[in-house]
Amino acid sequence: MPYVNIKVTREGVTAEQKERLIRGATDLLVDVLGKNPKTVFVVIDEVDTDNWGVAGKSVTQIRKQGR
Amino acid sequence: MPYVNIKVTREGVTAEQKERLIRGATDLLVDVLGKNPKTVFVVIDEVDTDNWGVAGKSVTQIRKQGR
Amino acid sequence: MPYVNIKVTREGVTAEQKERLIRGATDLLVDVLGKNPKTVFVVIDEVDTDNWGVAGKSVTQIRKQGR
Amino acid sequence: MPYVNIKVTREGVTAEQKERLIRGATDLLVDVLGKNPKTVFVVIDEVDTDNWGVAGKSVTQIRKQGR
Amino acid sequence: MPYVNIKVTREGVTAEQKERLIRGATDLLVDVLGKNPKTVFVVIDEVDTDNWGVAGKSVTQIRKQGR
Amino acid sequence: MPYVNIKVTREGVTAEQKERLIRGATDLLVDVLGKNPKTVFVVIDEVDTDNWGVAGKSVTQIRKQGR
């Protein structure tokens, strides 16, 4: 009955990439812990770059300065 | 001081249903653990069906195949 | 496929009370949103009173001052 | 490698306020625990007032009744 | 800067299995989204079987009835 | 009604440091967003170094290799 939560910045993740994240995370729990894939839940949270901070700055700021 | 987080797929949950979830979760903590209702917080997260996976597939895919 | 997370302070919640929280939260999702109970996950986190703060103080401090 | 998640109601938090929350939370982990600021992640979740409940009511209801 | 949280029941997950979960989740974010592995955080939560519910019962109960 | 969750590795955080984290996080929400401190909740999660991964390795491994 595992539950996996993946948080990434909201920067154009496609539906196809989300399917791959869901399948990959499910396979991981099956392969490593022998879990039944039917019982694996995956929730992907996309977080605005204004709302995600690293090293004291928002990712919005970091992206600007990286240009 | 309980905190309850309810995650459901974003599939048309109404404001009235949210009120019922909030009231129900609060009552549960009061009834079972004798908590003061004023200190019960409830946060409802609605998750896009592309972003919720079960059994290795997104709910979007599962809904399509169920048709 | 709902997921419910209940966080309470670790102050002697019994196994029987946990069963009631799990059943109650599941029933709530069934009653309000018509969810299939088999797909409802509930996770209870018990948090040490040193690690839970309200109004700028740990619950440990609040309990001491309340005596 | 700390991770800080701040949940507030979605009521007009500005980008500048988010920067201050990110910087303040990062500084806190540096000051209190001596963490390397580069390794501090902060995620801010803004929650609709319909989806946040206190004392058995949504914040939407509480705001209405407070008028 | 992704963050992955994996919740499983506390039923004897070994340190070696945890390493594989961490490596696998990190690789997944690198492969699917091209993330820098240095910025991927993974947190594994092990939840007591009394504290995890499915279908209205704790996993402790489900394991007993499955015998 | 903000909720702040702070996750750090379980490496000897003292009760006094936890009080400072709680007070600091509460003050931050008061200062930046004008929140009522009585309504600010803080939950600190201490995560075993086996259960926290960065860059594809557990913190346990990273600490060993850093020696």
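When the chains are written out, they are named A, B, C, D, E and F in that same order, and each has its own residue count from 1.
Assume a contact is a pair of C-beta atoms (placed from the backbone, for glycine too) under 8 Å apart; a residue touches a chain by one contact, two chains touch by 3 or more.
If you're wondering where the values come from, they're calculated on a predicted model, not measured in any experiment.
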Labels of chains that are neighbours to chain A and to chain D: B, E
Most remote chain, CA-based centroid, reference being chain D: E
Which of C-E and B-C has more C-beta pairs touching across its chains: B-C
A-B, D-F or B-F - pair sharing over half of the A-D contact pairs: A-B
Mean-CA-position distance for chain F and chain A (Å): 21
Inter-chain centre distance, chain D versus chain E - centres from mean C-alpha coordinates, in Å: 25
Junction residues of chain A - those touching two or more other chains: 1, 3, 7, 21, 25, 39, 41, 43, 52, 54
Chain pairs in mutual contact under the definition given at the outset: A-B, A-C, A-D, A-E, B-C, B-D, B-F, C-E, C-F, D-E, D-F, E-F
Touch list for chain F against partner chain C, complex: 15, 18-19, 21-23, 25-27, 37-46
Chain F partner contacts - residues on chain B that touch it in the complex: 1, 3, 41, 43
Residue ranges of chain D touching chain B (in the complex, touch as defined): 7, 47, 50-58, 60-61
Chain F contact footprint on chain D (complex, rising order): 1-9, 13, 17, 20-21, 24-25, 28-29, 31-33, 35, 39, 52, 54, 59
